[in-house]
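Paired with subunit B in one complex and with subunit C in the other, subunit A is shared by the two complexes that follow.
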Partner chain A sequence: MIESQRHSYHLVDPSPWPISGSLGALATTVGGVMYMHSFQGGATLLSLGLLFILYTMFVWWRDVLRESTLEGHHTKVVQLGPRYGSIPFIVSEVMFLFAFFRASSHSSLAPTVEIGGIWPPKGIEVLDPREIPFLNTPILLSSGAAVTWAHHAILAGKEKRAVYALVATVSLALVFTGFQGMEYYQAPFTISDSIYGSTFFLATGFHGFHVIIGTLFLIICGIRQYLGHLTKEHHVGFEAAAWYWHFVDVVRLFLFVSIYWWGGI
Partner chain B sequence: MAEIELKTAPADFRFPTTNQTRHCFTRYVEFHRCLAAKGDGSAECERFAKYYRSLCPGEWVEKWNEQRENGTFPGPL
Partner chain C sequence: MATALVRSGLLRTALRGGARNPAAPNRNFASSAHHDDAYETAKWEKITYLGIATCTVLAIYNLSKGHPHHDEPPAYPYMHIRNKEFPWGPDGLFERKHH
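Coming up: the complex of A and B.
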């Protein structure tokens, strides 16, 4: 920190990552459209764009990590930014997933005559909610409990225990994703099998995608905990990951009750 | 001159909405379930035929007949 600084705010240095991320996003959208319309070089531009975004994410977060953990710029007041910021982020994620629940309810509460006025539509052999779904729901909820265990360990200053708890959290998350993959592989219907398949895979698929993001987030937290980056007083990254994880948990609960159970019997 | 009696399907409390799509569909299904139970050309089923014919657009009936022939009709027959 600069010696002459008389306030606790973080004045950031100029950084190339906002523009590099934007260019990556531009290449991804243009490349994506070109690819989907079979233009020459579309796949190349799309891959380049995605690589560029991934690279930007890596180096940008690396910089944030250096500024916070190594240079000490994330004072108490600076920590409020990412804390308050993660609330509207998660709220927007809730709204995003709500749309898929709404689509599913819209199609299943008053099934149209095109699908015979019944739900599940005729000819759709649904998954038994008492099999993998009923096993996977408590697995993900246990992972949510394990992340709370990790939180308490961090607050108590038990560094090793927090690493173990995070390993448990991530392991349960990976088991969940594994089972989910198995369920998809064995599903007797596909995303193109009527509105049932469309809504089912859209909702469970986006949830699964969020589980994977949350798992990566928790893995990063585990590594940082192992490296001693997280302290009793300063672990905003971990808290954001935990909030995100609880959000993913709640969505799973609703998925189980409304799509697998209510919509599948 | 003989009086011609014009009649549509009677009001059905299962379908209280202005949109009578499901009413038409249900009557169509009921007609075919009736035929299946009582045998083809059964006079008892005629009233269901009258109902669905007065409620359903002709194209829908044609489409559903075709689907029944192909075994792709989605309703609970």
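Coming up: the complex of A and C.
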């Protein structure tokens, strides 16, 4: 930190990433609409927009890591920002997923006459909740236990154990995603098969998408732990990843109970 | 303004740990006491191994059973819904191809 700075706040430098992210989002939206309405060049604009967003994410977070890890701008009081920011972020994610549970309950608690007045709808063969769903739930829960192991290892200053624990966390996450892919492949119904298929794949699909995001988040934490970026006192990035991972875990429990089990028997 | 100054001064003192009475023990968060963390690390490592062992047994049991084969359901109007053509063709992206 600069010697003359006599306060503990981080005054950020001007950055091009907010506007580049906004332009990427604009290109993605316009390109997406063009693509879905079969306009010429829609696919190109959509791909460019997505690439632009991914590039912005990479360089923006690279800058944050440089400012925090290498330049020491993330003092105790600055760390409060990402901490407090994580809470409304996760709360908004809970509300996002709640909508899909709500849609599923709405359609299943009083099934309409158009789908035979029963749930699952007439003609829908559902997945057995005692098979892959019952296997994948403890896999994700074990991954949650492994991330707690990593957390305590970081706090105890056991750097190598923390790397092993994060490898275990990520491996279990990848096994989960693999089994989920297998389940999707073997499913006797698709997203276009009645309201059952729509709500099932919307809820489990968005959960799976969150698992993939959480896995990437944890891989980054694992690499940073390996490089010695995370210390006993300073590991906000890891804590945010762990909170996110627990949130994904809890959503899986609700998915299993309400959509696979209650909604599938 | 004055309160803000006092407050930020207090905050700074608290953050530096400056005004702390040297005789008083360092106040740590419950989870950051060194001794406990070594214990908790070992405990959660064991819980993780237990979880992995359980999942392995479950996975072997599950995969050895084989999966049931389903009959094609009748073409109810709410099945295989198509309102308009996808930009990439007749099938959904993640749908199994039947033809």
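Definition applied: the second predicted complex is superposed on the first by the 265 of 265 C-alpha atoms of A that agree within 3 Å, B and C clash if a C-alpha of one lies under 4 Å from a C-alpha of the other, contacts with A are read in each partner's own complex, and residues count from 1 in each chain.
Here, a residue touches a chain if its C-beta (ideal position, glycine included) is under 8 Å from a C-beta of that chain, and two chains touch if they have at least 3 such contacts.
Just so we're clear, the structure is a prediction, and the values are computed from it rather than from any experiment.
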Contacts of A:16 with subunit B and subunit C, given as first, second, both or neither: neither
Partner chain(s) touched by A:72 [first = subunit B, second = subunit C, both, neither]: neither
First, second, both or neither for A:155, with subunit B first and subunit C second: second
Of subunit B and subunit C, the chain that contacts the larger number of subunit A residues: C
Contacts of A:178 with subunit B and subunit C, given as first, second, both or neither: neither
First, second, both or neither for A:118, with subunit B first and subunit C second: first
Overlapping contact positions on subunit A, where the subunit C interface meets the subunit B interface: 114-115, 121-123
Subunit A partner contacts - residues on subunit C that touch it in the complex: 11-12, 15, 31-32, 34, 37-38, 40-41, 43-45, 47-48, 51-52, 54-55, 58-59, 62, 65, 67-68, 70-71, 73-74, 76-82, 87, 92, 94-96
Subunit B - residues contacting subunit A, complex: 21-22, 25-26, 73-76
Contact set on subunit A toward subunit B in their complex: 112-118, 121-123
Complex contacts: residues of subunit A adjacent to subunit C: 7-8, 35-36, 38, 42-43, 75-77, 114-115, 121-125, 128, 131-132, 134-135, 138-139, 141-142, 145-146, 148-149, 152-153, 155-158, 161, 165, 168, 172, 175, 179, 184-186, 188, 190-195, 201, 232
